[in-house]
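Below are two complexes that have subunit A in common, paired first with subunit B and then with subunit C.
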Partner chain A sequence: MTASFKKILVPIDGSIYSEKSLERACDFADAFGSSLILIYVVEKSIPINLLDRKEYLEILRKFGTNVLEKANKKLSKKGITVKVLLKEGNIVNEIEKIAKKEKCDLILVGSKGLGAVTRLLLGSVSNKISQTSPCSVLIVK
Partner chain B sequence: MVIKTKKILAPLDGSKNSIRGLDMAIHIARQSQGTVVALAVKTVPGIYAIHPLGFLDFNSMTEIKKLLSDAKVRAAKKGIDLTGKAIAGDPGYDIARFANNPKNKIDMVVIGARGRSSAKEIFLGSVSNYVLHKSKKPVLVVK
Partner chain C sequence: MTASFKKILVPIDGSIYSEKSLERACDFADAFGSSLILIYVVEKSIPINLLDRKEYLEILRKFGTNVLEKANKKLSKKGITVKVLLKEGNIVNEIEKIAKKEKCDLILVGSKGLGAVTRLLLGSVSNKISQTSPCSVLIVK
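Right, the complex of A and B next:
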């Protein structure tokens, strides 16, 4: 079979679950010699915060770059080079767009994130990704 | 490697997608020197679950046994140890229960995106979705 995971997309949001998925991504990169793409998506489709929207987005952006930097450091310690992306817009749409554009073989997500209330089951973003993604999805629990 | 994927569960139902899932499971097992557990579930309508005779339907059990032996051959070609398991019951529920059972020591579930239950669903199949939600182990959905 030709499906060796050449490119793995790892969406992160700074939660414990995304850290777990990062660890798992390290393993995969070791085992399959694949390249990683880290992505943080700034959620833009929040209807509240009409007044201080700009400020809010600014905070999110800062948080995003922080998270990405931390992850990048963690990975470079292990000797894995990654491509880092910061996108804005709808989370699921952006992730799918990148997955198509970069022709990723695998999307590696944590089962839950920071969004909304921590639910007993699957997070909304992970769920949507698994439903509609063009490539294989690994949900790390 | 920090996390070892020693035992990989690959549910089978005979569809093309489940075979793709099996291939992926074999592929991963090769990398991490693990073993694959193939699980074939025979659907039993709920009413038979109470009735003891429901499990005595040997005719269709042979179909599942053939499926498992096919899988074994497929894995043996790639040099992977594969153990087959046949269960009668509700597919989604039983796969999730099998994966969560600590006795089985499953490290990862590899499942095809769609099975054969709903002929042509554009998105995720119902069983895959159920397993995705209910399993406590990492799930790889193969498209």
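Right, the complex of A and C next:
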């Protein structure tokens, strides 16, 4: 069997779009024996003036932790090797940093999702990633 | 086994980038039993003033036919179900038209290639496709 797609990075955000990415990631794990790294990024680079930025970020952290935990449980039950990461910063940068550091073969990302606000302000996350990523990118529709 | 990635569209252009796409496509065929559609598009929407446009297009047609034939032979030898298509027009439009018509599950495309001239004039083909494609898109690096 092939050695491709051994390690796959899956950015998730708790949206229906990242649910779909997770389903595809399972297909890859089944077919290629891939291990998965799930990442949730608390987006900090958006210049929004919030009344209480600290509280806002705290909510995102809790939400991200829950999203990761839920996904981890679901995939581990299927016998898939999963690692979860909660990061903070610019979503595209964080994803690429981890892809490099972990030597991922593939980033599997939804065509939408990863933050409606982020998308409005920064443009499509999936497009940005596919332009600058160190590895192949699968954009799931 | 999963029903994903049963039919994969692979645009090729004879470049080293599309060689890599073809390799990944083989991985998918092995893992998912996918059938492949290879497409070469003779780009006609570029507004270049050529001395002999007719001859230029004829050269592209011949080149495309050879590229498809060579790839077809290589993949068929491996027992993969392959269909080849030579189209003319705007490369992004043609790829999307076929993806829809053939109900493809995935477009597998190199991050570079598909015509240096095209890219300069029209921007990255892979990016355009991933924005508007009816199905998932894998951008191979």
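Keep in mind that, in the parts below, the second predicted complex is superposed on the first by the 127 of 141 C-alpha atoms of A that agree within 3 Å, B and C clash if a C-alpha of one lies under 4 Å from a C-alpha of the other, contacts with A are read in each partner's own complex, and residues count from 1 in each chain.
Methods note: a residue touches a chain if its C-beta (ideal position, glycine included) is under 8 Å from a C-beta of that chain, and two chains touch if they have at least 3 such contacts.
Source: prediction; values computed, not measured.
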{"item": "Simultaneous placement of subunit C and subunit B on subunit A, clash or fit", "value": "clash"}
{"item": "Touched partner set for A:S18, first subunit B, second subunit C, both or neither", "value": "neither"}
{"item": "Which of subunit B and subunit C A:S34 touches, first, second, both or neither", "value": "neither"}
{"item": "Touching partner for A:T132 - first (subunit B), second (subunit C), both, neither", "value": "first"}
{"item": "Which of subunit B and subunit C A:V140 touches, first, second, both or neither", "value": "both"}
{"item": "Subunit B versus subunit C as contact partner of A:S124, first or second or both or neither", "value": "second"}
{"item": "Residues of subunit A that lie at the interface with subunit B and also at the interface with subunit C", "value": "1, 4, 24, 26-27, 30-32, 127, 130-131, 133-141"}
{"item": "Complex contacts: residues of subunit B adjacent to subunit A", "value": "1-3, 23-24, 26-27, 31-32, 123-124, 129, 132-143"}
{"item": "List of subunit C residues in touch with subunit A within their complex", "value": "1-2, 4-5, 24, 26-27, 30-32, 111, 124, 126-127, 130-131, 133-141"}
{"item": "Subunit B-facing residues of subunit A, complex", "value": "1, 3-4, 23-24, 26-27, 30-32, 121-122, 127, 130-141"}
